[in-house]
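First up is the structure itself, then whatever we jot down about it.
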Amino acid sequence: MSKLIRFGISMNEQLLEKFDRLIVQKGYNNRSEAIRDLIRSQLVELEWADEDQEVAGTITLVYDHHVKGLSDLLTDLQHDFHDLILSTMHVHLDHFNCLEVLVIQGKAGDAKKVAEKLISIKGVKHGKLSITSTGKNI
Amino acid sequence: MSKLIRFGISMNEQLLEKFDRLIVQKGYNNRSEAIRDLIRSQLVELEWADEDQEVAGTITLVYDHHVKGLSDLLTDLQHDFHDLILSTMHVHLDHFNCLEVLVIQGKAGDAKKVAEKLISIKGVKHGKLSITSTGKNI
Amino acid sequence: MSKLIRFGISMNEQLLEKFDRLIVQKGYNNRSEAIRDLIRSQLVELEWADEDQEVAGTITLVYDHHVKGLSDLLTDLQHDFHDLILSTMHVHLDHFNCLEVLVIQGKAGDAKKVAEKLISIKGVKHGKLSITSTGKNI
Amino acid sequence: MSKLIRFGISMNEQLLEKFDRLIVQKGYNNRSEAIRDLIRSQLVELEWADEDQEVAGTITLVYDHHVKGLSDLLTDLQHDFHDLILSTMHVHLDHFNCLEVLVIQGKAGDAKKVAEKLISIKGVKHGKLSITSTGKNI
């Protein structure tokens, strides 16, 4: 773990009051953690803007497993990218609908391509890439 | 399954060419599926804008499991919301960092509150709510 | 002007280094201003989430002025909302395309409705609502 | 103007009903225009993802004109980028706060840099880049 550094920032009283109200509402215990989260969110976006940066993320897919051949196709495609997809979890939402989450780690550019490939498949009703970090640099 | 309806849309040639190039790049086999995906994405956003709407989604958390008490706190909090959190998956990213994905289902307003509560915890480096649908209405 | 308050925040060295690099890249002179901007951006989003909140913003429209009746329709509609639309600026992008920016001030809910109304008009190729603040509370 | 092409798309009845309700709510007169807008929005995002692409956009700045030297600094900086900034409009929001909109046209990468430079200035309370198109390719 790297060492902790403390520094001062200034803010006019009115803005600080607004901020304090906001972070209480969001469940933060103190300003430091809320500010660190704002900073880390921005850094994660920056990491994903660089195609060659090592990142982590999730791909969420909602689909109807009754669509003929869909489950097999999804499995096949995921195996083609087994080096990027760390693991998956499957939830049976109702009689028809499945939700599948894939945890991915690798280069940002590759991760986006896998996401597009899976989301564009016919029968996948909704797909979404959610970006996060490997945690190494934040 | 509801029945399939076919209807015509018009577009100038130049825009259609741009669109055709875009969807090939994203991996779509035909225009219909690409357009349905655009529509469904917008409907999902609309569902989440209504606090009382039944939705599905995922919460991704990246944290350092060496932070004292953090794992227990996360488990305790998740149990407080066991009716919203369907299941979770845990990935060991490296010696320090964990990635946890929670699949949630429930009212959009409640889902957002749980996400804020978990993301604001000290030690959670990065957290993200990813919105999707139960699949019932799309 | 409300008075200036100074307070301390802590951050591990590694995160602070990343942050310092980010803000130099974005042109900030010091950490305080970069952090204040992160906070104000979040407050502006919060203001716009409340339909009754007094906000400011801009609506940008790109359209082809050769489309019959379009300019008149846009002018008529804007006059219907003259209490929300403070002023407009028009740029001739090329022989065909116009860009018009409208500065709006009023309740967030009303502002969104005007934006949707203008953006959905046939002939408006692209429209976008950009949210900002009246500056009073930040 | 390029010629108009008509093609068919298919959708299940349930999704189509949801879509029809959505577009009425947004003010569209027909499905074609709503779908074209979805497509054009995605194309505009794609254009801005390419640093060398010719784009148009607006930068909105809210600032307190009482901050010493701020107005001059903003004017000076804008002149440094006169080839990118087509024109500006200024609105006096109240005794303290100004809203300024700049219409920009040029390469996406340059436009982003100008936006960052202006938004990061101390005294600019809130700044936002809003992306749109020159209209040429959509």
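Per-chain residue numbering starts at 1, and chain names A, B, C and D are given in the order in which the chains are listed.
Here, a residue touches a chain if its C-beta (ideal position, glycine included) is under 8 Å from a C-beta of that chain, and two chains touch if they have at least 3 such contacts.
All values derive from a computational prediction rather than experimental measurement.
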Requested in this report: Tell me which chains count as touching both subunit A and subunit B.
Outcome: none
Query raised in the report: In whole angstrom, how far does the Cα centroid of subunit C sit from the Cα centroid of subunit D?
Result: 9
Query - Chain centre separation (subunit A, subunit C; CA means) in Å - result: 26
Report summary line: Among all residues of subunit C, those touching at least two other chains are 1, 40, 138
Query raised in the report: Graph of touching chains, which shape: line, ring, star, complete, other?
Result: ring
Report summary line: Here the pairs of chains that touch are A-B, A-C, B-D, C-D
Report summary line: Counting only contacts in the complex, subunit C reaches subunit A at residues 1-16, 18-19, 22, 31-32, 35-36, 38-40, 42-43, 46, 137-138
Requested in this report: Enumerate the contact residues on subunit D facing subunit C in the complex.
Outcome: 1, 23, 26-30, 33-34, 37, 40-41, 44, 56-58, 60, 62-64, 66, 86-89, 91, 93-94, 96-99, 101, 103, 105, 116-117, 119-122, 125-128, 130-136, 138
